[in-house]
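Please go over the structures that come below.
What follows is a pair of complexes built around chain A, which joins chain B in one and chain C in the other.
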Partner chain A sequence: MSDLKVKKPSKIEEMKAMSKKDRNRAIGDLLMNNAMFIIIGIAVIFIWIQEPKFLSMASIVNIVNLTMAKLPIALGVGGCIILAGTDISAGRQVGLAAAIAAGLQLTTNKLFPGLQVMPIPVAIAAVLVVGCIIGFVNGFCMARFKLHPFIVTLSTQLIVYGCLLMFMQLGTNSGQTLSGMSEAYREFVTGTLFKVGKTAVPNYVLYSAIIAVVVWTIWNKTTFGKNMYAVGSNEEAANVSGVNVEKTIIMVFMMAGMLYALTGFFDAARIASVNATTGLNYEADAIAACVIGGISFVGGIGKVSGAIIGVLLLQVIFVGLNFLSVDPNLLYIVKGLIILVACSIDMRKYLVRK
Partner chain B sequence: MEQDTSRKEPQSSFRGLYRHVKISVKTLDKIIIGGILAIVLILLYGVSNNGYTITFDSNGGTDVPAQELMYGDLVVEPEPPTREGYTFSGWFKDENCLYEWNMEEYQVAEPMTLYALWIPETE
Partner chain C sequence: MEMNNETVLLRMEGITKEFPGVKALDGVNLTVKAGTVHALMGENGAGKSTLMKCLFGVYQKNAGRIFLEGKEVNFKNSKEALENGVAMVHQELNQALKRNVMDNMWLGRFPMTGPFTSEKKMYDATMEVFEELGVKVNPKTIMSTMPVSQRQMVEIAKAVSYKSKVIVFDEPTSSLTEEEVEHLFKIINMLRDRGCGIIYISHKMAEIKRISDEITIMRDGKWIATEKSADLSMNDIIRLMVGRELTNQFPPKTNVPGDVYLKVENLSGMYNHLRDVSFEARRGEVLGIAGLDSSGRTETLESIFGIRTRKSGKIFLDGKPCRNRNSGESIKNGFAMLTEERRATGIFGVRSIRDNTVISSLHRHKKYGPLLSEKSQREDTQRYIDAMRTKTPSQETQIRSLSGGNQQKVIIGRWLLTEPEVLLLDEPTRGIDVGAKYEIYQLILNLANEGKTVIMVSSEMPELLGVCDRILVMSGGRLAGEVDAKNTTQEEIMTLAAKFA
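Then we have the complex of A and B:
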């Protein structure tokens, strides 16, 4: 029998062939590397036993809707993480985009007195341009001056927040919550796409799905996507092999900025009111979702499907905890711990592999 | 270029954001297990509470005690507050008293404050 013809042993066969000590270690690795999924699975079962309505059709549709609403921002942050960076200005960018979208769609506009409701494409274009500009600033500072992503995005976070506060002060609004958006805008985003039972699936679920497909295509099928993975896994090697590293970094952050802008555009209509705290801490959820979904901080590793799974799992947990009436203040502590544990698991995976 | 090859030598080196991290699998295991235990304990504490606190802001009227309710419960209609020179006109979800809270239909989904609306009495 030639060795070449031997089928590659499956994981179970491989495990049987190991010595007892190795097998225990392999099982330990498997458990530790999937600890987050195991704990989320246990939590879902626990919540379901306590509150069977949690896994009713209406609740599941609601969880999917929420997942799709948060997916674009997670994909944006995911791209930055694949570059071995991160983006902590994401949440504030969502807030600014939401305020701009709302500002162009108010029926009685206090920001720009006398301004008629703008057509929806104008609002989309406006938020995309703003997102692009902020993304460019982020990417440019990182690529040209080799600044650490945390420093650059921390400063843009504050700058964007300042702009948001100034924007809310325009006209006679004096910082009040923006509400009363035009019917056409709300219908465009939150109108019913189709119904599952009695629960409506809103239009933004479709838009978000389209965005996910586009991002998947960009990441997997274009030169730019391949360059992104190359720069993320080894910047110097990518540079030597002729990748324009600077351009790639800038473009990834511009794409991220546009994805945040779209999240904000949907959120303004979805929540129907925008104030200075819109988008606060969204980046924490997005980063946690990406890390849970296997988009790794080592750079160059991660898939669109990972981001979707991460966002979905987080939503399942937080909707479930809402069903159990858990104080939302506690959830911040839980989110912080989830990020810590998820990063530790992420590190462990790549430490063991070497 | 020589520096590059020397940098690749240490076996447990990371790339990316973890590049300066020096940590062993054992320590990571401790952090993971410790973190998960902390999450579980916090959630058990969170689940064992009495639900969401609904406070009533009587906007200058007599005090109304807060209620602790679970997700999906209806708010129990409290004794209406009183205020000299005004008539009480219902509880509202927002400070500006635009959205009235329907005690018979709306279910509690988060901790919140309800605001009283007062209409001045006309002689």
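Then we have the complex of A and C:
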């Protein structure tokens, strides 16, 4: 009993000690558990050989920019998945936030005729408030009525979409694409932060990086973050341990709502036009990114760094397939397969072997 | 088949079942004759259910043989057992509650007309069995709308419809009224007269004496005795069930109970059978709660801790009322609660030892506004890994990879970090090996020595007698009595535990 510190042998030592059959199984497990990274690695090398420009500096910077644009929504969805839930209303929330941000920043405003271009902080506050409200509704229905996250967010997805369509009908706009945002807004989001070679890195990359740091701090350094992981990994035990489960669930979804709102705020300026399809299917990309990055549907597991890696790898694939001039319709099939394969691989790790 | 009392229907011989570190069954024998009711008795954890699970193939036995009418059998699952005439009426009925009675009866073998299931054949066949048994239930009733007693009848009818020769009843009367029990006994007697062999598992002495022809008693996974029911008195049965010697598996008791600290008055549950429980516990006292499964022990602790809804009841700490509306409030009031089902309500399996340790005391680590200090979390965790002698490779290890005893130590550490004054421990040594048990007993006594109030629920009577000062005995959701741990016997406790059962 004196030797309390049980030394854990390294992976290699462990493998050396095994019989041949066990070793083969261990190597098989290792390959299976990292299969997603292996597949993506092979894909990258394949694309690179076909089209060397794929890994040029300009292309890499482009991939990083895209990654940072999609990171906030992935972090929002990531929190929901850590709660052993999901959020399929995320994309439509991005769309609504983009429309609201644009609506407050149009130079000739058909939505609110006569409205001046609002200061940028007002636009940010507006989208954050809307994101908070939608997130609260999502979280409240789950926490209080014990509804499945899929059902709740499916419903809010429809409701938010309806709101978006009605918003686009305001004033004399009658559903047309919103474009012609103020220069200050576009500069604030897409202005050049610095240049790598000839390729610009826009401001939103910095904002997104700051958001990632804030989310990391919340997840890892606050009571709320610890409670989120606890509720996700065992809701009953969390309840016994003095965690306010309802409050935690509601706060996770409110935080997610705010992150979607910021994604929308960036996207309106980044794409420079907003219509009813803005944000469509963004949640699919975000969920895929989270799963690739090890944020598990089992609940209670996942890191900010995982979400970043997931979004990055996904963008690498998309940009790469673009370089190969692959039929864009095929991209949907690829995304679907990635989610399926990544989830299957992830689930293997947590199955109780019988 | 001969209608002879001496025809052996089922013979289980030398059944042994080992789980990692525990021998759950050790060479158990059971012989059931045709046309008899055979009672299977033993304390909680004596191995009755394990033995039945080996019969039905839920567990694979490590050794031993099973003969059905002289032919060796080895069922792979309960469906195969059922098809061979061995049925079980479960304590917790396993039924598709949203479907109707006949769907449940014929599930897995629906009568067909061509490629379609035949509602009519199903209805007629159901009615036939019901008439035979005198059951008055419409086969088209949805299961969930019927009382438990009727659902049980459906389960029995299903067993009969399979032409079962051996039928196991697992605590069949636990949720029946007296009238319903009479009807059940009538049916059991009828099945016996038809030459079935009935295995009857129950804790209720009076019932056993009334219905059974033979009794087999188990203790600690071993076969103890098989006797004619008429030859055993109730006291004989209790003595055989509990008759183990207390060895010095407990640390010496040095705690001295002081003033009354916790007072509970008229505690009743809103959604359970807990009724009117009142008691006091002192500083420096270890108060035990004994009772059978579902006697209300767990409900008492969980109601005090605020994770079960109370219908009535007051809680006083040092004479001052406290509300304990939820676990957060209870923790602030100085309560800690170790739950019975460690995996379901205790551990955060995929999280680290550290996260599992600090979750209930995060406020201690707020160093910079809302931000938590990593360093102080690590220190607290290490302190309790050392103090509890938890065996773990590191603080970052996922708790699910530790053994049950070490998981329990981590969770106890979690609660000690909340600096509690009252510890509610529900089966603190369940699923833990002997060495770790001793350490937990020592810890409980140390806490009492420090003046804490410890309330401990346990199914293991020697443990209660060895560690506690006083023992409350619960039965059927009520307090059946209180005994002094030094001057009582297991027999006295068992008798009290059966009082309202």
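Observations
FYI, the second predicted complex is superposed on the first by the 343 of 354 C-alpha atoms of A that agree within 3 Å, B and C clash if a C-alpha of one lies under 4 Å from a C-alpha of the other, contacts with A are read in each partner's own complex, and residues count from 1 in each chain.
The working rule: a residue touches a chain if its C-beta (ideal position, glycine included) is under 8 Å from a C-beta of that chain, and two chains touch if they have at least 3 such contacts.
Predicted model, so just to flag it, every value in this text is computed and none were measured.
Shared-chain residue A:I308: touches no atom of chain B or chain C. Once chain A of one complex is fitted onto chain A of the other, the partner contacts of A:K226 are limited to chain C, with no touch recorded for chain B. Contacts of A:V117 after superposition on the shared chain: neither chain B nor chain C is touched.
When the shared chain is aligned, chain B comes close enough to touch A:L337, but chain C does not. Touch criterion met: A:Y350 reaches chain B and chain C at once. Of the two partner chains placed around the shared chain by superposition, chain C is the only one that A:N239 touches, whereas chain B remains out of contact.
Once the two complexes are overlaid on the shared chain, A:S325 sits against chain B while remaining clear of chain C. Touched residues of chain A, counted separately for chain B and chain C, are more numerous for B. Put simply, chain A uses residues 233-234, 236, 296, 298-300, 350 to touch chain B in one complex and chain C in the other. If you check the complex, the residues on chain A that touch chain B are 32, 35, 39, 43, 50-51, 53, 84-86, 232-234, 236, 296-300, 321-328, 330, 333-334, 337-338, 340-341, 344-345, 347-348, 350-352, 354.
Across the complex, chain B meets chain A through its residues 4, 11-18, 21, 23, 25, 28-29, 31-33, 35-36, 38-40, 42-43, 45-47, 49, 51-52, 69-72, 109-111. Contact residues of chain C toward chain A in the complex are 305, 307, 326-328, 330-331, 337, 339, 344-351, 355, 358-360, 362-363, 366, 370-372, 374, 385-386, 389-394, 414, 418.
Taken in their complex, chain A has these residues touching chain C: 1, 4-8, 217, 221-223, 226-227, 229-230, 233-234, 236-244, 296, 298-301, 350.
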